[in-house]
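So that you can tell them apart, the chains are marked A, B and C in the order they are listed, and the count of residues begins at 1 in each.
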Amino acid sequence: MAETFVDEDGGAAGRRRALARALLAEPKVVVGGGFVLFLVAVALFAPWIAPHDPLEQDLMLATLPPAGFAGAEPGYPLGTDGLGRDVLSRLVYGTRIALTVAFVAATLAALFGTVLGLLAGYLGGKVDTVIGRLVDIWMAFPPVLLSILLVAILGSGLHSVIIAIAVIDWTRFCRVVRAETMAQARMDYVTAAVTIGFPRPAILVREILPNVAPVIIALVSLEMGIAIIVEAILSFVGLSVSSDTPTWGGMIAEGRQIVHHGWWVLAAPLAALFAAVLAFNQLGGGLRRALDPVMRR
Amino acid sequence: MTAPLLSVETLTAVSGRDGGRPILRGASLTVARGEVHGLVGESGAGKSTVAKAVLGMLPATVRVAGGRVLFEGRDMLTLDRPALRAILGTDISLIPQDPQTALNPARRIEAQLTDGLRLRRGLSARAARARALELLDEVSIRDPARVLAAYPHELSGGMRQRVLIAAAFAIEPKLVIADEPTTALDVTVQKQILRLIRGMQERHGTGVVFVTHDLGVVAQICDRVTLLYMGKVVEEGTTADMLERPRHAYTRALLAASPRYDRPDAGLQPVPAAVFDELRREIAVFDAREARHG
Amino acid sequence: MITAVLNRLVASAATLLGVAVVVFVLLRIVPGDPIAMMIAPGASPEDVAALRARYGLDTSIPEQFWIWLQGVLSGDFGTSISLRLDVLGLLASRLPATLELAIAALVVAVVLGGAIAVVGTLMGRRTGGALDAANGLLLAVPDFVWALALVLLLGVAWPLFPLTGRIDPSVATDFHTRFYLLESLATGRLAVARDVAAHMVMPTLALALPLAAVIARVLKEALGEAMLQDYVLLARIKGMSETRLVMQEALRNAVGPTLALTGVQFTFLLGGTVIVERIFAYPGIGNMAIDAVINRDLPLIQGLVLLFGLMFILINLAVDLAVAALNPRLRHG
């Protein structure tokens, strides 16, 4: 849906404006991106948004239902968990972990996968075969099992979760980037650059990468959604950060245990998870549609 | 005089997209039972639009501005879907243009040949198969059993076209629309296919609307001809009349521009600009009249 | 054709070997000594050394790999450190549960996804478009989220199905095989079968829904492509109804590309059993895998990873063969 852009008001500034216009014209970008920004805001301003201390336990107020249900306590709109901690506050603070993992892990996976994908697609031959074989082996592992294995190896903690996600999901980027690079490498502008005598790395970075970028950016958004899920699964299994720190996955694990008399402890983080993943998904899909014609020369 | 099998009455159609660009300008033609009627014109003259109208398959982008298409007295343009389906499966069939794409690559020939027989004529599988073998024999296919068991990609283009012809006549329709069936074939195969169609048509007493841009084809197979230019009928009549005593300058010019096997020494002449001027004038008159009444 | 298949088999074997190497190496750079977790307090160094030797953890890594590989090739996968049982036996005893789940999920996904695609194709543009949008949203929901949502909806809100386990403890479990569902159906013990099936409903749905969404999207696109072809137009002129056009003419041409794209998705489904089984405490290999990792049970982890890898590779192979078989052109070409 992007408009064809005529270079009337000057190079870079004009392109940026056209880019902004194209992005805002795509509803998926607006809705998905809007919600992501909302989550970022929640994460940043958590101390001001959360009504209570997420770690504060009060066994007198344990397992209280959310507002509107019999036995609810004012001041705890989403109820409390088994140790009397406010669900809403834990949900708000859990956003921090979720987003940190999402942004960092997705970026790392994209970096690693893109570099290998570019090399495989551009250099071809033995390099491609080796990287291809590596991707095949990696994809023969069940992803959840591999992530649990890696975190078990690296020790629990946010850093291992992030590394684990990046190490598992780079193949997603590698495949796509490799395919795109192979398609682009055949195009005339690359042949021209080679003829002029550009060094190979320069061609990769300056010529091919910008054309592959829209696909990568869209995929990063998707990957962020996946990273949040993986973190939640790892917390659920008890392998992420310490059990005191509020994570959506940890809350889900507890909620699953007490689901018959404390279902809200499961429902609230699940809804947050669902909304976050949906938002990243929509954003990714919208980005792919909006960026494609604009960024390609 | 019995009522005609097909009667297209001053059919006018415009494009729904390019701002109402006219596609058909009051085109009329009649086809009697058992008659082979050629529908001739250069690309874009509107031949396939007329054919689609007869089949009730005009695309949504084409808007009918006037006229009727009467098949056995019923207007194909106003029929509802069930009624249209009833006629299409039993009384009208199509010989399509491209044998490469008109056969389902994932179904055997026997299945595709016996569709109509089993669906509409209610034949059992065995009876339909027997009939299919007969039909393949009629279109001069030598190993009909093998062809029935084959998939389309295993057959040559010519054989596929023969199968399509057999399929069109299988249900014993009253009318067959042949949409440039020889265009996608080698010249050597064309003559055989034309003879085949003529033979089938005579044996089954079927009416045929033969869409083509090739006057040579018309000469070989058609009883009557209608010549279109930019959606308007320029001339119509028996084949003999059209070829030997053409009345319109355009017809004469077309004949002069076509290679004639019986007059190999006569050179080919391009259609003179004056002819097109005359045609455009006639079209302008028509368009003006339409604008006043329409 | 034969050479292509042989090439694939060789490549697959190489991949499987690669998987074994990777997991072997990963496990041995693990901090956390499995032996240390097993020994009783007060055990002498000789006991510890003996235990280490018993599980083959006293030699160098390449030597360990070679010993293990030899064992695997002769059918000996070692002994589980945490469960003290033969690894191969453990795998064999838990695999049927996962297989029943995965295959049931596959069937549900194909039927559901197929139905949505066909109905969406037969509908007009507007309702079809709404269906597309809804499907697009649901595509984003992973099996983890479905499982938990089902726990809340069908386990707590409207408790229709049991939340944990494979079979009710009060139901007779004198089975010969571990294929509870198949065996109870085959021997006509319908009450037992119903109980087993009830326990399977939620995990099966959780696994099936993501795959169904993918199938619905891919198949609908392929059907749309097929419906534009000339042979469909000719069939329409033969007077066929829309339903017949979709089912008889278009569907068989749409299955090939759909299969190619969804084959890989089925391996994701299999991978999903790890977490879904955990959520429903379902006694399959997925659930066992999590415990194995937490307990650093090296032989069991290796066996499980190899098993999953083998299944993934076989599925990919089967899908490629099926795609080739479905396409008459490829078969004869």
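One rule holds for everything that comes next: contacts are C-beta pairs under 8 Å (C-beta built on N, C-alpha and C of every residue); 3 or more make two chains touch, one makes a residue touch a chain.
Keep in mind it's a predicted model, so treat the numbers as computed, not measured.
J.: Considering only mean CA positions as chain centres, point out the chain farthest from subunit B.
T.: Farthest from subunit B by mean C-alpha position: A.
J.: Two chains share more C-beta contact pairs than any other pair here; which two are they?
T.: A-C
J.: Any idea which chain sits dead centre by C-alpha averages?
T.: Smallest offset from the overall C-alpha mean is found for C.
J.: At what distance in angstrom does the C-alpha mean of subunit B lie from that of subunit A?
T.: 58
J.: Taking the mean of the C-alpha atoms as each chain's centre, how many Å separate subunit B from subunit C?
T.: Centre separation, subunit B to subunit C: 54 Å.
J.: Quick check: how many Å separate the C-alpha centres of subunit A and subunit C?
T.: Taking the mean C-alpha position of each chain, the two centres sit 25 Å apart.
J.: So in the complex, which bits of subunit C are touching subunit A?
T.: 11, 14-16, 18-19, 22-23, 26-27, 29-32, 136-137, 139-142, 144-145, 148-149, 151-152, 155-157, 163, 267-268, 270-275, 278-279, 286, 289-290, 293-294, 296, 301, 304-305, 308-309, 312-313
J.: Which residues of subunit C touch subunit B in their complex?
T.: The touching residues are 229-241, 249, 252-253, 328-329, 332.
J.: Please name which positions on subunit A make contact with subunit C in the complex.
T.: 133, 136-137, 139-145, 148-150, 152-153, 155, 225-226, 229, 232-233, 236-239, 252, 256, 259-260, 263, 266-267, 270, 273-274, 277-278, 281-282, 285
J.: What residues on subunit B touch subunit C, complex-wise?
T.: That would be residues 55, 57, 85-90, 92-94, 96, 98, 101-107, 115-116, 119-120, 151, 153-154, 164 of subunit B.
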